[in-house]
Every structure is written in C-alpha cells, then in structure tokens.
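In what comes next, chain A is part of two complexes: it sits with chain B in the first one and with chain C in the second one.
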Partner chain A sequence: MGVAGDARASVATGPNIEAGPWRSILARRLLPYALIAPAMLVILGVLGYPLGMLLWLSTQHYGLRELFQHQGEFVGLKNFATILTDAQFGYVVRTSLLFTAVNVGLSMLFATLIALLLERVSRFARMLLSAGLVFVWATPVIPAVNLWQWMFDYEFGIINWLLTHIGAGDYIHHNWFENPVQGFAVITVIVVWGAIPFLALTLYAGLTQVPRELVEAAEIDGARPWQVFANVTLPIVRPLLIILFSLSTIWDFGVFNQVWVLLNQRPSKDYFLIAVYSFQESFRVSQYGLGASAAVVMVVILAIVSVFYIRETVTLTTEDA
Partner chain B sequence: MRRRAGRVFFNGLAILIFLVMTFPIYWMVSTALKPGNEILSLTPVWIPTHVTFDNFQTAIHVPFFWNDVVNSLIIVGSTVAICIVLAFLAAAAVARFGFRGRAAFVIMVIAVQMVPLNALVIPIYLFLDRVGQVDSLVGVIAYYMAVVLPFMIWTLRGFVANVPVDLEEAAMIDGASRVGAFMRIVFPLVAPGLVATAIFGFIQAWNEYIIAYVLLSTPSKQTLTIWLASFTTQHGTDWGGLMAGATLTALPVVVLFLLVQRYVQGGLTAGAVKG
Partner chain C sequence: MNPRKLLFTVAAALALLAAACGGTTSSNSSETGTLTVWLMNGSAPQSVVDGVNADFKAKHPNVTVNVEIQQWSDVTTKLDTAFAGSTPPDVMELGNTLVAKYASAGALANISSKKGSFENSGTWLQSLTDSCTYQGKLYCVPYYAGSRAIIYRTDMFAAAGVQVPTSMDDLLTVGQTLMAKHSSDPQFSALYFPGKYWYAAAPFVWDFGGDIATQSGSTWKGSLNMPQSQQGLTVLNNLVSKLSRADRTGDELKQDQAFAQGHIAMIIANGWEVGVITDPKSGDPSLKSKLGAFPIPSHNPGQTAPVFLGGSDLGISAKSQHAALAQEWVDLLGGTKFQSQMVTVGGVIPNTTTLVSLSSGLPAVFAAAAKNSRFTPNSPNWANVESANVLQDMLVSIFTGKASIPAATSAASDKITTILNS
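Coming up: the complex of A and B.
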C-alpha cells in the first residue's frame, strides 16, 4: 500500500509529462478531475445532500402534517433545546456512552489477548483459531442477532440450560430482557462476539510486523515479557490500536440493528441507545425534527472520534511510502 | 520444559476460544437441521440425530422468499456494478496522479465512511417520500452506493498503488499511450483486487438493514435481511425455520467472505498494516 507517494513523484517528474500541444496538456491536467468527478457527484448526492438536509431538518418542526405537505416549519434551535432538557434524552446519552465504553473496552481487551495468544500457539492451533474467527467475522449481523436470540430464548435457549447446569443458579425460564441491565449484557455479548474477529486478526497481523530482532534484543537486555510488551511491542502497534479503538467507538456508539432485531422491533424505552431513540422519534412518533436533532448530536459526537481515526490513517498511508 | 508446558497451555486455550466463538454458528446450523421435537426440547440435543431439511423447506416456502432473494440480488448487483466502475476511475486518479485537491478528496473518502447511515436514514426517507421513490428498489440502490462507494475507492486505491509505476513507464517508452499502458499493464494486475473489492462491496450491501427496513414496506419488494423477521409472529417464533432462513441468508456471504478475506483485511484498516 505504500507506493502511492513515490508513484506520484515519479509520474510528476518522469519523462512522460513533457511539453506538448496545449490541448493535450490541458487534457492531462483535467484527466484526474474527470476520473474522480462521477464518484464525487455520487458521494455528494447520496451522502452530502442527506447530511445537509439532516442539519436543516433539525431546525424544523416536522411532524405528520408536515410530512404530508412536504414542508417543515422553521423553529431554530428549539428541537435541540427540547431534547437537551428532556430527562429521557439524558438517559439515552448516558446509556449510549456507558454502552460504548463497555463494548469497546471488552472488544479491545479480548481482541488483544487473542492476538497475543495467536503469536504463542502452535501452527495447527493458530490455523484453527484464525479459521474460526474468520467464520464468525463472515456471519452477517442480522442472522447473527437471530441466532443469539435463539440461544437466549427464555424457554428453550441453550444459555439458560447451560447456566443452570453448571450451577450458576436457576435460569429455567429466565427472561433476559425484563431487566435492561441483563438485556444490555446480552446485546454486549452479541456486539463483542461480532467485533472480536476483525479486531483480533488485524491486531495479530500488526503484531507480526514487529521486528523480531527488537524483541530479542530487549530480552537479551533482561526485559521481562510484560516489559517487552509495554516498551517494544506497544509503541510499534500504537497507531493501529488508535485506529481500532476509534473504529470500534464509532461502530458501538451507533448500534441500532442489534437492539432493534433482538427485541423484535419493539424495544422498550429502557433500551433506547441514541440511534434507536432517533429512529423511534422519527419513524414511530413521527417527530422527524426531534429525531433529526438527536441524529445530529450523534453525528457530532462521532465526528470528534473520527478525527483521531482519520488523522492516524492519513499519517500512516502517507508516511509508509 | 517450562516453555513446552506453556505452549501446551496456550494451545488448549486457543482451542477453547475456538469452541466458544464458533459454537453459536454450529448451533444455528444444527438447529436448522433438527426436527421440531429436538429443537423444542428441555434438554438440548447437542448433535442432531434425525437430520432433516424440513426447516429449509419451510423457510423457502415462507411467502416472498424467492421475491426477496431476487430483490436482494438486483439491489446488491446494481449497486456493486455501478460502484466498482466509479471507484476504479477515482482510485486510478488518486493513486496515479498528483493534482490539486487530491489530499482533500482522500480525506473526504475516509471521513464519509464514518458517517452513520442510522443518522442519515431520516432525511433519506423524507427526500424519497417527496420525490415518490419510497418503496422502490431504485431509491435503495442509490443509497446503498453510499454504503459501498467510499470503501471501494479506498480499497482499490491501495491495489492500484501497489502496481509499480516502472511497468507502465516501460510500456510507454515502448510506445504505448498513457491510457493504453494503464489498461494493458495495470488493469490485469489489479483485476484480482477489483474482484475482491466487488465481492466485499456485495457483502456489505447484502448485509445492510436499516435503509431497506425503512424504505421497503411492501413484502414483495423487501430484501432477505428484512424477510427474516417473518418467522416471528404474535404466536411466537418458529426457531427451526428462522435458523434455516438465517443460515440461507448467511451462506452466500460466508462463502464469498472466505474467498476475499485476506485481500480486504489490509484495506479495512486503511494501510495501517503494512505489506
């Protein structure tokens, strides 16, 4: 991936770009723009325009009547004032932040441990575990939610049977979704299970790039394993860790599908993460303006996290040339 | 000696993690293959003793299954076909030309991948409602491009950049035109990357849920991810059918994913992993 930089340099200074008739120079100058133009137009149309419309919508009163008239009513920042002083929205934001922290933390923790484990096992064990992880990674999210729904079924779910039979208590006919803390635990299991493969395999690939000589040199100098990890391995994979952390944060803060499908499209108020809340306000309560302003809050928070991701990604791709 | 004991312990741990991680998938497939009395059994039947395809029969006879298979294929196929062409052009420009605004374009491509569709679905719905394209496949295809295109540009950029420029220059010295050199030298070398990127785009679009869920309300116009909800009614869930349906929905994706996984892993982290 690293040759973009020097490729560009050699094309710019290479023998091919010579003075020619002005038309061909112009054509050559314009060619890259012509090449990116179609993609640019599509991105502006299907992402830029809705994003702008979302911002505009967040300043509108837009209910059912407005939906039929296709015309909102401008109310300034009133929607934001409404949701920011709403106790329920406070609960939604707090829950989302806590949910994100727990899910990102657990995903990254397990992924790091598995990546380190993959480095230390025999070839057959590594092949077996990687293959298993790839299978889990490949499983689409909606079927995955359905299968966990079945595993946690209150009557015939295998989780209840297992917990009861390993002596963790009486889980016969235990309903996991009565208590939102337990319900969120189930959602966390689904999200973390789905996130581990990508994170662990990517981290493992990153770890294999750590030069062996550096590790050996540190060992010869008497560093203990955790010191080698903290002082040699960690600094080298740090950029990768930052990227994975921000990606996980972005994904987990926007969780919608898992909640929606798991709770059969009728989650109770306790389960409103910010994406669910925004959806509910718009499509169930028909307060599109309020829903849009919640979505704007979500986008703003995610944009802050994205800055870290984008900065690391851009630095990495430009410096490894 | 201590090292060997450690290795045995780690291997055991790896096998244990393998079992825990893959068990849910095994449970989905084995449930799909069990007769009803083995599914709804208070003591789990670990290995199906009377393997049956009844659940799959039920699943494909649930109303609109074939409709929704076709819809999924049309939507995903059109999206990928359009996007792979646009993405290839843009990727070639980014990887092969220095031009004013290149850095800004690259940053935009990375940044827009972070915009959650969950947030955009509200304006998308209202806009399509205004132009009368709610509940039409065209609207869904348009917005699936938002899911697929930026990722494709980014991944293909890596593939094009990986082809040494020397090859093209050699061809041009031998008299090929710029475009000719690109098409005859770079294109064949990038072809596997093109296929891998297209397949990964296919997977992403196939798995999409919220856009299809909001836009497509007529059962005969929906996609497979939405269709899966038809196994749950007020009377409860047909677990055997649902697991068979989930297996059928997941199967093409898993097969395709296994083909391209090693290609896209690098692309997903955007060049963070060198090599």
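Coming up: the complex of A and C.
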C-alpha cells in the first residue's frame, strides 16, 4: 500500500534545493499537469460528458416524440418535484437503502470470514478455495443470474425439488417471488455470492500484510484470538476495509441485472430498486427526463458515500508521504 | 452492478441522437439499395418470408431485402432506439397495441392517401384497421390477427367423462371434476392460469360488461373498478384459486412447455401455441391427436366471451429512404397470395375477411372466437400502461390475496386514468 503515495511524494517534495531559473521551475510545475492531461481528457469525455448530459436531460420534458425529433422542452426542476413527491419513489429509495445495508453487511461479513479462513487453512485447501472464488468471479453476471433463476424456478426449479426431498417441507410449486421479503432474500443470496470473491481475495491479500511479529507478540502477551483480531489485525486492515465497504455500497446501491434478469424483465413494483426504477421510467414508459432525474438522485446519494472512499484514499497517501 | 452503466446507456442514447442530427438526403426512388424489414419472432413462417422476398426480387433485382427477426420482450426499447436514429428499419411489424404510441410520436409514415393501392384494403379486419388509425389517418397496414381460446386435452376430458363447457359456471364444474379425477397428482391444473396473464383475464371483465377504460371526449377514465369489471374478476379469481396451480406471479411465456409436460388439462392460448405444444424440441409431438379447442364461454350459457383481438400491423418508417419500395414489400406480405399461406401454413387469422374461411381444424376455432372480439383503449399512452405492468400487478395482487378486488381494481383504475390522460 502506498506505492502511489511514495511516487507522489518524490515528485512533490523532491530535491528542489538547486532551484534553477524560473523557466525550469515553471516547466517542473507544469509538467505533472501536462502528464495527466491526456488521462483527464479521456475521463472528461467518458464520464464528464455523459454526466453533464444526464443533468441536462433531468431538466427536460423528454418523451418519445421529443426523442424522435431530438428536441426537448425545458421544465426546470419539475421532474425532481414529480419524483420526490411520488410515494412510489419514496418506497424505492427506502428499499434501495435497506437492500444496500443488508447486502453490504453480509458481503463484508462472509468475505472477512473467508479471508480469515484462507489465512489459516493448508496450502492445498487455500488453492482449492481460491480457485473456487475465482470461478465465481469469472462467471458473467447474466448467465449466472439465469442459472440461479432456473434453480429457483416455480415449476421446474431444483431448489424446490431438493427442499421437498430432504424433508424441509412441501416446496412443490413454491413461489419464491410471491412475497417480496423472500424474493429479496433470493436476490441477496445472488448478489452476496457474486460479491464475495473480490472482497475475500482482496481482504486476504490485505491480511498477509499484517506483520507476523506483531501477532506473535500479542499472543505471547496472552491475547486471545479475537483480541488479536480486534486490536492488531483490524487496525492494520482498517483502511482496506473502508475502501471495500465504500465500493460494495456503490455496487449494491446500483443493483440492476440481478433483479431484471431474475424477474423476466418485468419486475413487479415491489422489486423496484432505484436503478430499476430509473430504467423503467426511461426505457419502458419513455419518460427520459423523469428517468434521468431519478438517476441524478442516485448519483447524489452515491457521491455522499464516495466521500468516505475518497477521504480514506487521500488520508492513506498523505500519511505515507 | 455498476451504477455508471446506467449513465452510459442514457448517454449512449443521447450520443446516437446527436449523431442523428445530420441533414436529410433527398429521396430518389432508384431501384438499388437495401430495404430493412423487422419482423417479430414467430409471426410469419420462413417459407412465407422467402416467398415474399422472391417475388420482390423478381421485380427489383438490384434491391437487397434484409429481414431481421426481433423478440417481443425487448422490441419497444429497440424500436425507440431505432426511431431516434437516422436509419430506422424501412418496414416494421408492430404489435397492434403499439401503433398509436409510435404514430403519435411521428415515427410512422402517414399512408392514408395510398390506402386504395393495397390489395384487399376494402375488406381489412375492422379491429386491425382501427389499430392502424390515429386521429383519422392511416399509419400502417393490417398484417394478421390472433385471438385466444381454450386449448384442452381431449383424452383427459374423455377419461373424466366431461364435455366442452358452455358457460363460465360450467367451466368451473368441468374443472372441478378434472381436479377430483387427478387428485393424486399434486402438480395438476385443470385450467392453468399464470398470475400476470391479463390477455386471458380481459375476456372475464368484458363478458360481464366491464371494461379497462372508457373514453368521453378526449379524456379517459379507468373502469376496472366498475361493478361489472369487479364481477368478472371475482369469477376469474374463483376459477384460478380452484383450478390452477400455475405461478400466481408468473407470466404466460412458459405455459406451452408446462402444458406439454402432461399435468394440465386446459390453457387459454393463441392459435399458434398449438404448434409450440406439439413441437418436437420444445413440446411433445404425441399430443397432436389429443388437443382440442373451444372459445372461452360466456357467463350467459351458450354464448362466448369477448376476447382480446391481438395481432400485428406493418408500418413504414417516416424516415425511410425507400418508402415506395417499402410499400410494395408490405403489399406483397399483406396481399392475397401470402395471406392465404399465413392462414394455411401459419394458422393465424388473415388481415382480410375474405380469407378467414380458409382456416380449418383448430385454427378455425380461434378464427370463430375472434368474431366476438375487443381491443385495448386506442390511446398513444396505452403502451405505457402495458410497460408499467399496471394490469399484471393488479392481477397478481388479487390472485395472491395481497389486496382485495375492490382495492386492487381502484388502484389500477386510478393509474390507468393517470397514464392515459398524461
């Protein structure tokens, strides 16, 4: 960790004792900006432009006719007023927040447990476990969700068959999506399943950086395993945990594929997470302006979360410097 | 997962839009070029498409015709994107409930003045012609129609000693006899009815005199909450709870495969679904001799319930560079020669009343059912009611008991009123 920080440090606080003429100072000051300019241009092109267009679109009345004629009508903040006073949008935001909290919590919990396990098992078991995680990570989302959909199918699903045959009750023709709580539980399983590999492997990599001597010293002083974890391991991997936590939040708040594919592209209102809502308004009901304003709300909420992520990254690099 | 993906999608749509702002080229109806046609999956048999292209090629040897097959599930998104671009397909098949949406948005060419030049235009099916008409102007050519009836297993009926029902009460009695006969099969459904199947639910609403929405002047009013509509839904709810083990939140997309598994006695289906049920790959060919069909019975004994007249129309894009060629191609597919083949090979209801008598066997039952048919509210916003799943959500909440019929129908009616008048 901190490779970037070191590099930055040498540029910023490098040997400037032998300050040359102003021309060379200027060149030295401008050089970093010149070097990052191409990257900045690309970022502006692929991120800034769409974001700007999104903001513009969110202030337009933009339906199908406007789309075909390439001419919207400026309505100011009316779109935001419409969605913010829509009872359904309130439900959507609340559901999305709750869903994100549960999914991030479970993903992080299981990933940490698996990372700790990876550290302790034999070399062979570790290889096997890592391979399994990489396989999950390598499965494209859409086929994976389709496979889960088959497993939870009402008519032909193996989960219902299995549960019935091992005597867990009568699950013949059990509908997992009739009750949204159960349905969201299934979606959570799929999202967490897909999130664990990256989180667990990254955390495991972080854990290998915990100095062995520190752990041994704590053990000699009589610390119990959980005390070692809480007082030695955790503080060291804390920055990494915060970064993973922020990334997970960003991913889980934007969950779309799992819901969309699992529910045959026609999820009922109960299953509208914020990304689904925005897509539905834009591409199903052809109210692109309303859809865009929902997306803006989503970006704002995510921007707030990103503050933690960015602050942690910045602290990390400046600490090292 | 990636929230940015959404932004990119929006941006991509906008980029397309910006790119499309180029100037328009003057249309010269030269005899070269490429004609792009979008047809829907399962609409015309390949032999019909090949025949149309061969006849077209004979007249215009230098024109290439590209027929692309689209899927129903995502066609509106694809159409929106295509129409927003500068080169949408020249000819496209549109579900009859979608035409008003695209006609009102200015995507389709107004072909009112050309109507007379289309073969059989004087005898087109009224309901399809209505679906092509928006504010008194013609925006498409009727292609084919489809209506639903009940497909049943003749062997199961014979084994249970029941006859084809002649009223809704009778349907319940027959169904209950079948359920009793198959009580040892926990998967058996006498009438398989997936919860989101509103095309099959609408006949029950209409049969009691209810409706989805009514129009007075230029304003629409959702009418699923009127007593007649509620009565129809009450009868349906009773049938579903007693006769169906289908997924109450599911849709009808898999019903033919389910039927072919052999645990179902009746489904409400389109004529073409017989082909899916007996298909060697997706179904069971041995069922061919065991299938019968009858129209959905009315609550009035001896009569049939009004059914939704589905179907497709052929539109010509307003931005088409080859409008004249497009019209010729449409005229071939919509004309007598190939419409006859659509009936005999495809088993659909043709676009003209003069050819309906060509259907025989099971397709004839579906053609007969279409005589008493209804259409959805002909508003440009109707497609939004469909995309917003208003009717599906209402049915699901009724069948799963999540809401009472009065509560569910009131909520749906309000939503329909809002969407249709927006």
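We take it that the second predicted complex is superposed on the first by the 270 of 321 C-alpha atoms of A that agree within 3 Å, B and C clash if a C-alpha of one lies under 4 Å from a C-alpha of the other, contacts with A are read in each partner's own complex, and residues count from 1 in each chain.
In this section, a contact is a pair of C-beta atoms (placed from the backbone, for glycine too) under 8 Å apart; a residue touches a chain by one contact, two chains touch by 3 or more.
Remember, it's a predicted structure, so these values are computed and weren't measured experimentally.
In the superposition on chain A, A:Q265 makes contact with both chain B and chain C. With both structures placed on the common chain, the touch criterion links A:V210 to neither chain B nor chain C. When the two structures are aligned on the shared chain, A:H173 is found in touch with chain C, with no touch to chain B. In the superposed model, A:N257 makes contact with both chain B and chain C. Of the two partner chains, chain B and chain C are each touched by A:A292.
When the two complexes are overlaid on their common chain A, residue A:V75 makes contact with neither chain B nor chain C. When the shared chain is aligned, chain C comes close enough to touch A:R284, but chain B does not. Measured by the number of chain A residues touched, the leading partner among chain B and chain C is B.
Touch criterion met: A:L67 reaches chain B and chain C at once.
Using the contact criterion defined above for the overlaid structures, shared-chain residue A:P50 touches chain B and also reaches chain C.
Residues 47, 49-51, 53-54, 57, 67, 70, 141, 155, 250, 254, 256-257, 264-265, 275, 278-279, 282-283, 288, 291-292, 295, 298-299, 302 of chain A contact both chain B in one complex and chain C in the other.
By the touch criterion stated above, chain A contacts chain C in their complex at residues 47, 49-51, 53-54, 57, 63-65, 67-70, 141, 154-155, 172-173, 175, 177-178, 194, 250-257, 264-266, 268-269, 275, 278-280, 282-286, 288, 291-292, 295, 298-299, 302. Partner chain A is touched in their complex by these residues of chain B: 6-7, 10-11, 13-15, 17-18, 21-22, 24-25, 27-28, 31, 39-44, 86-87, 89-90, 92-99, 102, 105-112, 114-116, 118-127, 129-130, 142-143, 145-146, 149-150, 153, 157-158, 161-162, 164-165, 169, 172-173, 178, 203, 206-207, 209-210, 214, 225, 228-229, 232, 237, 239, 242-243, 245-247, 249-250, 253-254, 257-258, 261, 265-266, 268-275. Across the complex, chain A meets chain B through its residues 1-4, 6-12, 14-16, 28-29, 31-33, 35-36, 38-40, 42-43, 45-47, 49-51, 53-54, 57, 62, 67, 70, 114, 117-118, 120-122, 124-126, 128-129, 132-144, 146-151, 153, 155-156, 158, 161, 193, 196-198, 201-202, 205-206, 209, 239-240, 243-244, 250, 254, 256-257, 261, 264-265, 275, 278-279, 282-283, 288, 291-292, 295-296, 298-299, 302-303, 306, 309-310, 312-314, 316-317, 320. Within the complex formed with chain A, the residues of chain C that make contact are 1-8, 10-11, 13-14, 17-18, 20-21, 73-74, 76-77, 80, 83-84, 101-102, 104-107, 186-187, 196, 245, 247-251, 253-254, 258, 384, 387-389, 392-393, 396, 400.
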